[in-house]
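Two complexes follow with subunit A in common, the first pairing it with subunit B and the second with subunit C.
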Partner chain A sequence: MELLGLSLALFGAAVAAALAGIGSAIGIGIAGGAAAGVMTEDPNKFGSCLILQALPGTQGIYGLLIAFFVLSKIGLLGGAGAVALNWNQGLQIFASCLPIAVVGWYSAIWQGKTSAASIQMISKKPEAMGKAVILPAMVETYAVLALLTSILMLMGVQVG
Partner chain B sequence: MSYVYTVARIRGMENHLLEPAFFSRLMDSAGIDDALKALGDTSYSQWISGAASFDKAIDSEILATCKELETFVPDKELLDIFRLPYDFHNVKVLLKGLFKVRGGDSEGRRYDLLSKLGTIDTEELKLAIETEEYGFLPYGLTDLLPKCWQLWEQTKNAQSVELLIDDAMFKALLKVAEGLNMPEILYWVKSRIDVENLRSVIRLARMKYESAKALPFLHDGGTIRADDMARLLNEPQETWARILSYSDISSVLSALQDSQDIKLSLSEVSKSLDDYLVRVLENAKYSMDAPANVLLYLLTKESEARNMRVALVCVAGGLDREFGRRLLSNGR
Partner chain C sequence: MGVAKLKKAELYYHKSVHEQIAAILQESGACQIISTVEENIKPADIEALISKTDEKLADVRYLTRTLSPLYVDPVPALDRMLGERDEVTMSELEQLAAKTDLKAVSESIRSLEHEIGEVKSKLSEARTNSLLLSDLKFFAYPLSVITEGTRTLTALIGTIKAENLSGLDAALGDFSKFAQDSELIIAPHNEKDKSQDIYAAVIYSRSIDSEIREVCAKNGLSIIDVPAALTGTPEEEQGKYSASITELEAKESELAAKLKDSAQENMPAIQKLSDYYNSLSTRYNGMAKSEETESTMLTKFWIPVNKSQELSEKINAVSTDIELVMNDPAPDEEPPSLLNNSDTVKPFNVLTELYSSPTYRGIDPTPLLAPFFWIFFGMCLGDAGYALVLFGTIMYVLKKYKKLSGGTKEFIRLFLFCSVSTFIYGVISGSFFGDFIDAFLPPLVPVKNALMLVDPMKNPMQVLGISLLLGVIHLMFGLLIAAYDKMRHGEFIDAIGHDISWFLFIVGLCLLGVAMGGMLPAHFQQIGAAMAGLGAVIIFLYAGKGERNIFKRIISGFLALYGATSYLGDILSYSRLLALGFGSAVIGVVINLLGGLASDIPYIGWLVAVVVIIGGHIFSIAINLLGSFVHPLRLQYVEFFGKFYTGGGEPFTPLTLSQEYVNVKA
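This part shows the complex of A and B:
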């Protein structure tokens, strides 16, 4: 049962990093497609396009952050060796990883779509760059809330 | 397949479209040479080699746009929806020429009226129709052309043949649109049939036609049944908008209703109908990946070309500039 707890915690870390990362990759891909389209006609918009394309990448970073948090919590970082976890503690850590895993995945895809729309917007109205950044940043709010939820939940899990 | 790249690139291309105000300024040119000079900074300049060439130059510009879109639009059929009517236009030109030649007019062929914008190469089409080798022709032309000859032999009526060709064109458009599986494109094709039917009904009303005789001039496949369109001829013109209130096209008829004079408003209504066809697709503007943006861009480009033609013809022919301005559409 000791190994099951550790496995569940590691599975949670993997899910957080993987799903949020996949979402970010898709989101950046969508925004990148739009950026390439706009830059084909106007290469001078590279700077603005790059900022907007990068926005959906944050969810992947949040997922990685939670994975590090979990690995640190279970003692796999720092060389001290893994702490003993029962299945119940492992499940709690796994559940803590779910908010950023699921919300990160979905929000990155939708943020990518919003970024693509914003990139199209600055193609016609370059002066609206400020507004164009705010729109996809609104989607970011929910990824940040999910990250916060995962962190608070992880901090509440008692191990060792 | 994703249209994110396609639509983003089109958004970039839209920046190069000419503003309606440009055409108004173009009309103020002292002569055609000044007008052509004013085109120096536009994409049209690369095609213009002299005052006589502007008509071909406008076609070349649209053709270049189609070729450019072909390189990155995932579904080529979307471009066919735009180009296919030009194929049928070319078929009409070639057939009418041959009818005249067979009727004894050796100068009847009007190759100058052929458009390069069709999907079928004009030389190949010319050869196919002249030699009656229709085997390779697409869009049902293989079956259509013998029928056209048969009808011509029976009636010697070029207008009937033209209607038969139009009917086949709309069937081909519907088939391509259905194959695309894009509801907004299919709706646009149906709306285009409505527009063509309404244009015919307005013309027939001017000629005092009765509804019973109007049906052969109307085409099936639109959002409004051809029978219902024909029945408009039994009703006073000011009630048409109310009768068709269930359809989006009734908004165009309101202009007709307000004018109270069918003759005066004909060019206005015709312009409104063209604008309506652009409006049908306008929701796509708010989507970052709607395929309809491709067709919307082409229609806007076509509208720009129409404005260019109106402006240059006005300047070259010394026509009334105010009349010309009224003919300009606000496609963009």
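This part shows the complex of A and C:
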């Protein structure tokens, strides 16, 4: 049982990277489909389509960021060796990972849908690129807030 | 600063000089023609010029469409994008147009295309036949037996399922009349596979043609049409075809090479002419908005005040019979808007234009948002190392590509400016390629630490506080601008009730909070409370204005105060400044960590580490640049503009020269 804390913390890191990553993959996939459709008509839109497609990708990075944060907090990165965690601390770290895991997952999918719509928009009105970028960014706000919450929670957890 | 002042010009001139006038107006790049006539009524002289230009344009478009996919530009595409283009004058283009026979060029290209098409169709026919012939090799007789027949005999050929073969054979044999007069020839095939299609031929006496065909059809032989041109044996015919295929292929590649050469030879001129004729087309279509009498014309246009002197001198030099009247726009007129900002603010113009141009008499938000965007971008990217990379790259581009077009250049300069704020924030938050200094350059750690003012890693609450404070300042600034704008139009009550009240309320609450936290002297508590209270009372009273029913007034007052939640949301939105800055720093840390781990690999570890660190930081810069641009922009558009700016102006679109391929000078 003395490793339960460590396992819970690792579970948290896994969930953060995995769920947020899945969300980003789906979101980018949705946007990519729309982008490919627009580019069959006008290959010159590659640049702006790529930017819009990349927008839902940040959640995956946020998830990875939290996972690394957890790994470094529990001493699994670098040569120092794992710190001792009781199950309570492990659970606290797990809880800290949940905001970015869940919000990252869902917001990336919805951001992908908004990106796809924005891609449709610039296919008709290329000059509206500024507005097209802002709409998906509105969705991302909540992923950023979740990232912030996860960071602040993790920093608050005392280990070692 | 702000929106440029325009004059409305009315230009009366004799028809004989209309082409010179049109050239001057377009080449000045500062005149937006105002339509004075209905869309479909065009002065006759101009109408003729338009249709002449359109004819040329049709040739130019055909040629670019056909030749540009074949044209290999000696200058790399990136260089072209960054303004590496030829400079030509309009008169040089005019000479080029005079000596180039577009009609002849497009005729020759058309006939070349036609020839290629013919060769292609012959080639495809030959290939089909050759394929068929290789299947018919089992038939040892001349194919003329099938296509023409001899005096007494004829034949047919077809495919049949292997399982139906014996049936067909039997049916032909059964029919005693056929047995002596017909022969079934079957192509070699694999006996075991019963479902395959195999080739079979039947040679028979002419007299029983229809009966044989009926029997064959009944037994599942589907007859193949052999092209009439095939008369020799399949072997002979195939020999002929493979010779002709080689010949046709050679011909095709020769013609394709000829087309490609011609693209290489003609494209540079065609690109120039494309810009020339497109310029003319815009010019004449713009001028077509003029009014005409029997011998004079009247063109009305908007022109920025600072360009008007220069233009009127040029126009008056054309002829003495010209009348140019310039007036200030009438109060009921809505002129287009042109942002006119100093060199420092200019790069930020694009941020306003991406949202919506201000109206002619409205406020230009560009100088107001510029410092905030600059700071926010710096906080989001927030790494001194990334800033240096950005700065270096941009300086290199600006130095190498002197001919960058205006829009691209300003956009790049925007990032140049922002790299400075990024560097400053990177230094004070101790981030240089993430924790590169701590990880790989320990001797420099004391220098880094001495310059650090905030530490988001150890004390994120401090940076969160700064972010939210910047948010409050940004929002309050927005409210004050809104109040100023309303007062400018004499709406004092609205300015106080709608904007000043919230300003007092929120600033008061902040003072109260900060003073209670012990960071300000205690008497600020009373000042804060008083401000907040005054603000709340004004909000409460203003919301119910115009409402007679006392209860409704009270309810709408409370509802208005409930609007405080939206301000709370607005302020918390600025926490992204911490999160994004933190994000780029931590991604940097992770990359250095991975690099450090990789260096433990024996022998090649250092190489892997270098690749991981360089590649990783390039990726990190790219992804964080996108976020650092989009999120501060959102703070401007949603939080800041929401307080005072709606835009809605029509952007100033002067008559200009087309510069798709070359830089055309006047």
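To be clear about the criterion, the second predicted complex is superposed on the first by the 160 of 160 C-alpha atoms of A that agree within 3 Å, B and C clash if a C-alpha of one lies under 4 Å from a C-alpha of the other, contacts with A are read in each partner's own complex, and residues count from 1 in each chain.
What we mean here is this: contacts are C-beta pairs under 8 Å (C-beta built on N, C-alpha and C of every residue); 3 or more make two chains touch, one makes a residue touch a chain.
Predicted model, so just to flag it, every value in this text is computed and none were measured.
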Combined model on subunit A: subunit C and subunit B, fit or clash: fit
Using the touch definition from the top, say if A:Ile30 reaches subunit B (first), subunit C (second), both or neither. first
State whether A:Ala54 touches subunit B only (first), subunit C only (second), both chains, or neither. second
Vertex at subunit A, arms to subunit B and subunit C: angle between C-alpha centres to the nearest 10°? 50
Output check: A:Leu3 vs subunit B and subunit C. Expected answer is one of first, second, both, neither. What do you get? neither
Can A:Leu147 be said to touch subunit B (first), subunit C (second), both, or neither? second
In the superposed arrangement, does A:Val38 touch subunit B (first), subunit C (second), both or neither? first
For A:Ala84, decide between first (touching subunit B), second (touching subunit C), both and neither. neither
Per-residue contact with subunit A, leading partner among subunit C and subunit B: C
Of the partners subunit B and subunit C, which touch A:Ala116 in the superposed model: first, second, both, neither? first
After superposing the two complexes, find the smallest distance in angstrom between C-alpha atoms of subunit B and C-alpha atoms of subunit C. 8
Going by the contact definition given at the top, which residues of subunit A touch subunit B in one complex and subunit C in the other? none
Complex interface listing, subunit A residues touching subunit B: 30, 33-38, 40-42, 113, 116-117, 119-120, 123-124
Contact footprint of subunit A on subunit C as seen in their complex: 351, 353-355, 460-461, 464, 572-573, 575-576, 578-580, 582-583, 586-587, 589-590, 593, 596-597, 623, 626-627, 630-631, 633-634, 637-638
Using the touch definition up top, name the residues of subunit B that touch subunit A in the complex. 2, 4-16, 288-289
Residues on subunit A engaged by subunit C in the complex (per definition of touch): 51, 54-55, 57-58, 61-62, 64-65, 68-69, 72, 77-78, 129-131, 133-134, 137-138, 140-141, 144-145, 147-148, 151-152, 155
